[in-house]
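Each of the next two complexes has subunit A plus one other chain: subunit B in the first, subunit C in the second.
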Partner chain A sequence: MAEFLQALAQGLLIGSTYGLLALGMGLVYGVSGVVNFSHGDFISLGMFLCLALYSALALDPYVSLVITVPLMTVIGGLVYWYLLRPMVGHQFLMVVQLTLGLSLVLQNGILMVFGGQPARTPSVVESKLLILGDVVVRVPHVIAFVVSFAMAIGLYIMLRSTDFGRSIRAVHQNAHAAALMGIDVSRVQTLTFALGIGILAIAAALLLPGTPIQPAQGLRYTVITLIVVALGGMTNFVGIMLGGLIIGLSEAYGTIYLSDTLGMLLPYGIFVLIMLFRPQGLTWSSSR
Partner chain B sequence: MLEVDHLVTGYGGVPVLQDVSLTLSAGEIVGLLGANNAGKTTLINSLSGMYAPMSGRIRFEGQDVTAMTPKQRVEIGIIQVPEGRLVFPEMSVRENLLLGGINARARTHRPRQMDHVLELFPRLQERLGQKAGTLSGGEQQMLAIGRALMAEAKLLMLDEPSLGLSPLFVQYIFGIIDRLHAEGLSILLIEQNLNLTLRHAQRCYVLERGKVAVEGASDVVKDDPRTRRAYLGL
Partner chain C sequence: MRQEFYKTLMSPVWLVILVLAAVLPPLLPSYYLHIVILSLVYVALASAWNIVGGMAGQISLAHSLFIGTGAMLSTALLLKLGVNMWLGLVISAVISGAMGAMIAWIDFRFQLGHLSFVLITLAFAEMGTVIVEGWDFLGGASGLLLPQDKGDFLAFQFGGGIGAFWVMLVLAIASILINVAILNAPLGYYLRTIRDNENAARAIGVNILRYKVAAMVISAMLSSVIGTAYVRYLTFADPYLLVSPIIIIEIVLFATVGGLGRAYGPAFGALLLVPLGEILRGKLGGTLPGLHYFIYGVVVIAVILMSPRGLLPLFEKWFSRARPKAATTK
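So, the complex of A and B:
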């Protein structure tokens, strides 16, 4: 029973961050139809930036956010404006190839700078534990959970009640009509992509404490994000957060009750099962 | 107020509009008639800046707007109510109206404009919190017009406002158009419905395969045999 609760706690805590990762991808897909296959490599970039800042200035990953969030947001904006924007709306396959290429560039760029051996970025809270009865949770996971849900709620409020948020939803629902309102569609798409990458900088710092990192890890995060987004419905906020929790839970239970390698397969197995029976995703109606 | 000069627009190098010229004075209602595929919607979208013209000029209030983006044109008051209304279906009526007034010029006046629009369309007041996708066709048309008014239109371009509406709603919508005209708004009215347009517009242009076939005061256009011919495609 203790094991069960332990896995439950761990799965929920990590799953919330998976949900946050996927929200960024869902937003970008919603406004520009871009499925970003370099998503996970941008998470990598965020993590390695934290490592670099630790090595150079001994900054804690949480403190590094002050630098990595603006930096990655700007990088995201530039990538969309100069690389993706000319392709968007023409050939979906070209966009896919472009983001795959970007993934290779990021991955090998990181390899070139940091080398291939796994690295760790220490944080002051890294080894702190929170003990609740039989369940032991790591403080970084609790921080990740709280921040992820706070971010998700913040994004939701932003989309509902600001002009920028309404522009994002307008472009998603009908880009042509949005342009007729005087909304600069390319600008909204660029800012949304920048926002999505900025969110990844935060997610990177949340996932970092206690996790060894290496340049080739990006694909794993991309796949997790794609699965979460597919489970939740590309543009469904609640569905995506729910999908994140499901993948987090299946990972946690897989590693506890099955062997290591088999455990890592469990999320994908569950994904295939859900897609077989609910190909439209988890939630009933897509609320945009 | 609006001068379109020898406009040629097309997609993929094939011109759809061939040498179209038209004018509209301040406070006027001008009708733009024509059969399907005559180029009416292409023309209105060129005026909104959705397509770059292949040649020709568009002037608005003395200013050359040919190279302006859609956003810039909204900001100087050229506002389109698109064919099929294109309300944002998953947003409330209120949010749709707020989006209508999102441009830099209108943004700060939104509360005042909203009062004006809701006074014009009391039905929208009742439906403020409802998702636009759940409205009837006629209500969506009200919302689309209201949304355009939120943008503080100087030139209101309506693309097929009667499309798919019951006769009662058509009458209502054209009553609103007459009222807006009486308030001094300049209106470009695109319609397939010949008689309705001739009744409400002061002057009309009839488009036929991307060219102006007939133009003039509504009663002149009405009696011109070429008007019927343009419609029947003879």
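So, the complex of A and C:
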């Protein structure tokens, strides 16, 4: 039973961060139809920026956010404006290929600067534990859980009741009509992409304490994020956070109760089954 | 319809290729021969993928499973059970074909959208990697080492360099010709109809399941055979190279950059990008790790921004624009 609760806590805490990773991608897909295969490499970029700030100025990853969030937001905006915006209206696959090219550039840019050795970025809370009865959880995971849900709620409120949020929803529902209403669609798409990358900077710092990082990890994060977004459905924030929790839990339970291999297969298996038997959770299954 | 195919078959270009193939390889330093062989491998793979990804419009990322089956299973059968590699090639191809049929059936039965299909096949590809890494019979994470190539044809050995070159040349040309044949056969028309409007295709009575399965099975078996030949050339069956989603992502990249759905587009993309990648690696790989892939990524982005429909259509446009001018100046 203790094992069960431990895995439950672990899965929920990690899963919430997966949900946050996926929110950024879902937002971008909803507004501009871009599926960003360099998503995971932007997470890497966020993590390595924290590492650089720690090595140079001895900043804690959580403090580095003051610098990394604005920086990544600007990078995201520039990437959309100069690389992705010209591709609007072209084949879906071409845009995907472009983001794959971007993934190569980011991953190897990081490799050139930091080298290929796995690295760690220490944090003051890294080794602190929280003990609740039989369950032991690490403090960074609790911080990640709280911040992820706070961010999700914040984004939800922003979408519901600010002008920027309304323009995002308008472009999502019908870009053409939104343009006729005087909304600058390119601008909204660029800002949304920038926002999505900015969120990644936060997610990166949340995942960082205690996690060894290396430049080649990007694709794995991209795949997890894609799976979570697909599970949750596009605009459905609750669905995406739920998708994150499902993947987090299946990873945690799979590695405890099944063999290593089967445990790693479990999230993918669950994903395939849900995609096949509950496609109504996906808004894009209707827009074939 | 068939005439197009025979015309292609009778084209004098093949004679030129044959002469070049007979003369050049012995003259090339082994490093450049390796680049040529590698390019041919990817020409073959990208063309095989094109049957599903280009003509039928199904962006399958599960092809790493077929390549991986062709490579890892035939190697494992030889090393663990002593099965002749020719037989292993056939067994792997049949299993790959069955997996392909299953994936096509799932796609049809559950009416997957484009993006759902991409994601589900990506999940299959990831599952394949995890299974191979965790299953000792297929070599686990450390891979399998084939016995040295002694040039014994009956044991699926072709004598390294030049022999491998011929095998890959045959496979690449076969793969391209199968593309040409399908494009000009009823199957090709059905596939393009399904790609462009599945509902309309269904309405005029196209048997969607049959053609989707046919395309996937042909493509899967071809990929598997190429996988077996590739691993024989490499000698080392490395799961991280042959079963990882990265190999299929590269193939899709070549096919898209070259020009999707055309007979020669994917081959063109592979012929351009593989040597570029290899030469960059050779020249810059030693200086700063990552630099050659960095430049490669920049080139890919630049090419896509320059010609979002693929390079082959772009060249055709240039060519057709340049020709009338040349005619008038004469």
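Note that in this section the second predicted complex is superposed on the first by the 279 of 288 C-alpha atoms of A that agree within 3 Å, B and C clash if a C-alpha of one lies under 4 Å from a C-alpha of the other, contacts with A are read in each partner's own complex, and residues count from 1 in each chain.
What we mean here is this: a residue touches a chain if its C-beta (ideal position, glycine included) is under 8 Å from a C-beta of that chain, and two chains touch if they have at least 3 such contacts.
The shown structure was predicted, so the numbers you read here are calculated from the model rather than taken from an experiment.
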item: First (subunit B), second (subunit C), both or neither touched by A:Q107; value: second
item: Partner chain in contact with A:I183 - subunit B first, subunit C second, else both or neither; value: first
item: Partner chain(s) touched by A:D163 [first = subunit B, second = subunit C, both, neither]; value: first
item: First (subunit B), second (subunit C), both or neither touched by A:L98; value: second
item: Partner chain(s) touched by A:N174 [first = subunit B, second = subunit C, both, neither]; value: first
item: First (subunit B), second (subunit C), both or neither touched by A:S32; value: neither
item: Larger contact residue set on subunit A - subunit B or subunit C; value: C
item: First, second, both or neither for A:S64, with subunit B first and subunit C second; value: neither
item: Touching both subunit B and subunit C, residues of subunit A; value: 287-288
item: Subunit B - residues contacting subunit A, complex; value: 48, 50, 69-71, 74-75, 79-80, 82, 86-91, 95, 98-100, 102-104, 107, 147, 151
item: In the complex with subunit B, residue positions of subunit A that touch it; value: 163, 166-167, 169-170, 173-174, 176-184, 287-288
item: Subunit A contact footprint on subunit C (complex, rising order); value: 59, 106, 110, 112-116, 119-120, 122-124, 126-127, 130-131, 133-135, 198, 245-246, 249, 252-253, 256-257, 260, 288-291, 293-294, 296-298, 300-301, 304-305, 308-309
item: Residues of subunit A that touch subunit C when the two form their complex; value: 35, 83, 86-87, 90-94, 97-98, 100-105, 107-112, 115-116, 215, 219, 223, 226-227, 230, 259-261, 264-265, 268-269, 271-272, 275-276, 279, 282, 284-288
